[in-house]
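Below: a set of structures, written as structure tokens.
Across the two complexes that follow, chain A remains constant while its partner is chain B and subsequently chain C.
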Partner chain A sequence: MKALKLKRDDLYTYLESLKSYGELWGPVAKGEKYVYARLTNVRDVALGALRTIIPPKKFFVPPRFTMFRYTDDHYAESFDDVKPRVLFGLHPCDIHGLLILDELFLERFPDPYYKRRRDATAIVGLSCIPDDKCMARSTNTHAVEGGFDLAFNELGNNYLVWIGSSLGDDLVRLNLDLFSEDIEPEDLKTYLAWRRKRDSRYKLSFDLTGMPDIMELSWDSPMWNELAEKCLACGSCSMVCPTCNCYNVRDVSDLTLNSGVRERHWDSCMNKEYALVAGGHNFREARAERLKLWYTHKLKAFITEYGKPSCVGCGRCIDTCPVDINVAEVIRGLTGQKVTL
Partner chain B sequence: MTNPFLPEEMRLVRRYDLTSDVRFFQVRPVDMDRALSLRYKPGQFMMISLAGAGEAPFSISSTPSRPGMLEFCIRKVGRVTTELFKRKENSLIGVRGPYGNGFPLEKMIGKDNLIVVGGLGAAPLRSLLLYILDNRDKFGKFYFLHGAKTPEEMLFRKEFFEIKERDDLNCHLTVDVDEKGQWPFHVGLVTDLFSKVEELDPENTYATVCGPPAMYKFVIAEFLKLGIPKHQVLMTLERRMHCGIGKCGHCAIGPIYTCLDGPVFSYWDVLHMKDLI
Partner chain C sequence: MNNKPKVGFYSFSGCEGDLLTILHCEDELLDIFSAVDIRSFRMASSERHDDENLDIAFIEGSITTNKHVKKLKVIRERSKIVVALGTCACYGGPQSARLGYNDWEERFKKVYGSAKLTVAKPFESQPLDEFIKVDYRIPGCPIDKYQFFYALTRLAKGMPVELTKFPVCAECKWNENECLLLKGQLCLGPITAGGCNSRCPNHGLPCIGCWGPTDEANVASEINLLKEKDFSAEEIINKLRLFGGAGMVRRFGELLGIKPKEEKTLSKTQGVSKKKREKK
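Entry: the complex of A and B
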């Protein structure tokens, strides 16, 4: 992978240049939190932002979108017009989250709705300093080797800019004069020192070895019922988790009734109706069963299939659940581990 | 790029009532080449779309050994099925698939087979039944045990009565109750019919069951009593499904998706994967 250097002071100028590729989006402050927003003014970007409320998945799987238009019984594909866009400021955990969605949506039976949005979007990563809710080091998602077109890493008064794809190379060329190829031994030292400092900032640290087995052996643990007693089944955890991908489909007819649209919208396995089938049988009536499915997906199912957890350690469930049910609590409950400070 | 969610237009060629709330549907891709090249396995399912009502999964009831036509056997229970029941012959409906693993025919060939059906379980297992009959010389001994609640509620009555007359399989039919005294065969639970099963080589037998949830436990117990290995006891399972291709998440059971890794599972799968039944 090729790397270049960009002066910190030149960042805004470069962000402005990125707009010639497409719409520029990045994290901006919203109250005490952050959201992805269109960067009409590049100086609005919150460079120190940690997790956004909703992860970048919304750019690839919008909360609600039209799949087909139908007239009588004929279904015709309907694709939103996705303009080229640059998503700036993704942290390593979110890039990993995206890679997991790629596996789900692009491997077997590739999903053209996802693919079109993915193809239209350039991913520009940005390094971050974790807070007390980040646990990406435990999930091994605290660094990225791919999944981005460009990745900006803090480097003293500069950024070290990794080029991760040929599109990334094109993006650099939008304003090549700002970049320098001269990476000195001194820069490497600064970079490594920064990495060490940054990696030491993870306050949450868990050993996830054998997690699938632990989940399996804890299937009947009273913990699930205890958590279920508290859970409000609100589904917020699914909305904010970068690797929750469940959705519902419904046909919405126009007033004429012989035409309409087939829509896809986010769903959560925490919702009571999630596994309800015709005739009223519910395969997961009990809240504890639904919690187990959620955490099986995060800590077990994906490891069994892909050798890594589908939790990328972003900390959003920790930030969001109104009753403090989150992946860290569940891991603690399952392993009896103390938080290592 | 092909859109795996796009329903294909198929023509509803024939439909008739099997019972008061279950109807038989024969459909065919509008394109004749497509109709003849459509491949599927017994045990697979298709997603059927009715504009405005939505989409739902249904087992293929026909056999791939009789190409050109897809058959379904569908109970009217809600939005999609009610809309489907309104459709007349010759109208167009949306269908996509086939999906799911289907039965492991490659392993079942050459073996003895025992199929046990209860009620709507006939929908997926008729496919396997007809497939075996159409390829009779490729399979060993063959038992087909069928139970319905009442004579009126029995699906494919005429067809199964005819099959019962064949001498290349052992077909036994029963009903739980026969109030009008019109039923010519055994009256009682489907498990009673196991007394007629003899001379199967259990190690060499695949036993398949599909029916109402309450039935599984008792039928599986009978299979095990016969000495059939757990991994050769097969069943098809039902889950809520919104995509059929491993995207929507609704059919997830632990680490697997019923739509991709199922709907056919073995009893061993059920024992070692929590939550399956």
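Entry: the complex of A and C
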């Protein structure tokens, strides 16, 4: 990974240059929240945005999309919306979220819809200072060592720009004159001071060591029923989680009845029908069972299989759940800390 | 010969907004009329064949008089599949907002005085399934045309219909709306059936529950949450009942201050119509 420097004042000029690679997308304000949107005007970018309502997974597994169009004897896959894109402003937790999705969608059973979109997209990270809902330090996803093409890190009046891939190198060359290679001893000091500042801002801190054991021992905990009584089963937690990736598939016929589309849309294990199988049996009829599954997946099953939790500490569930059921509350409950529900 | 499914569209008490939604599909109307054989649709055509058997009957509106009941039962007898179209047919609609309070006669007198009724005997507005077996429900005020197309094409192919089961919140997240509940508004999104593409929150308006409750609605928690946000019990209950009708009263009556009522003679009616159908 090579590091370069870019003057803060040159950021917008460089963002403009990135457009020659493809569509430029980044966080913009929507009311009091943020969403990833097309940056037609680079000055619309919200550099202080911490978390968007929906994580960047929406670019690779859109909430709903057409997989293919079919007729009686033929089908054609649809990749109409796949085009070169630069996503700017992804924070480390969201990059870790994508790395988890990569393991699921690119490894054992590569998903062509995910892969085509992923391959067409350049990832440009941006450092951040956490707020009281961030817990990425606990999940060890507060910094990135990969998973990006470029990563911008605040450094006084400059950005430290890490090149993470050969595509990243190409992106720098879109406007090479803006970058400098003069890294000075002072820069290291500034960088370390910035790191200390970031780490000191985490209000939420959890020891997730041995979480699978704790989950296993909590299988019959009354906490699940208590949470289920409050849970609205609205599924919002799944929709906003960077690593939730379940989907449903359905065929939608045209009115002519001999053609149509197969579409995919996000689903959630919080939906009652999720575990309903042919014959009418439902493996997780009770809300408590579904809640337990959601958290077992994040804090136990994924750790057992991949060696890390599938929570990246982005704080979206904390920010979203109307009745305050979230990963922080559940960890508190499981580890015998005071629950503030 | 024409082997397309025979379909009828019928309307009882309501604004006919659901049938109007279908008629407003200018771009798709020809395809709809080609996909199925429409035998009755009074808003579309004066030609009606009300004596034939149907494959599918789409019925909108709620049931408010004894005459309705008679007509409704005849449609049920004639139809293999009955689809309740729109929230009035599914749950009774806004005219069923006071279902279960047993104050219908009082309200009637307030509006009509002691006028003598000769045409039909009216009663508290009820959804279709209070009187007949309903095979599918397509809620909405009005319905969403794409959900209707989806149901129509599935039924035309002889397949079962699976409509959206998750609440408005899911689509509201897909559309990346700011959560109106979190902003302190009285939003019924978490307990209301989705499929509307979160139309109201997309425009900054809280969900008023016009598609009726989801199967999994946690109404008790929603009420607690809204109370914490300083809405009065009356305000909350009125909002829940506005479109919730029988969908709210039957399942969550106690939460709304209504004593639980014994299940109506629904199964009986069902049994009768089934037997009669078999005879034929």
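Everything below uses one rule, namely that the second predicted complex is superposed on the first by the 331 of 341 C-alpha atoms of A that agree within 3 Å, B and C clash if a C-alpha of one lies under 4 Å from a C-alpha of the other, contacts with A are read in each partner's own complex, and residues count from 1 in each chain.
Quick note on the criterion: contacts are C-beta pairs under 8 Å (C-beta built on N, C-alpha and C of every residue); 3 or more make two chains touch, one makes a residue touch a chain.
Because the structure is a prediction, the values reported are computed rather than measured.
Of the two partner chains, chain C is the only one that A:234 touches; chain B does not reach it.
In the superposition on chain A, contact of A:67 is made with chain B only, not with chain C. In the superposition on chain A, contact of A:104 is made with chain B only, not with chain C. In the superposition on chain A, the chain among chain B and chain C reaching more residues of chain A is B. Shared-chain residue A:257: touches chain B and chain C both. In the superposed model, A:323 lies in contact with chain C only, and not with chain B. Once the two complexes are overlaid on the shared chain, A:121 sits clear of chain B and of chain C alike. Shared contact residues of chain A, touching chain B in one structure and chain C in the other: 250, 253, 257, 260, 267. Across the complex, chain A is touched by residues 28, 31-32, 34-35, 149-150, 152-154, 156-157, 162, 165-167, 169-170, 173-174, 176-179, 181-182, 189-191, 214-216, 218, 220-222, 224-225 of chain C. Chain A makes touch with chain C in their complex at residues 30-33, 35, 52-54, 63-64, 229-236, 239-240, 250, 252-257, 260, 265-268, 271-273, 287, 320, 322-323. Taken together, the chain B residues at the contact with chain A in this complex read 1-7, 9, 49-56, 77-78, 81, 91-94, 213, 238-240, 242-243, 245-250, 252, 254-256, 260, 274-275. By the touch rule above, chain A contacts chain B in their complex via residues 67-68, 70-75, 77, 104-105, 108-112, 115, 216, 219, 245-251, 253, 257-260, 262, 267, 269, 274-279, 281, 283, 289, 292-293, 296-297, 300-302, 304-305.
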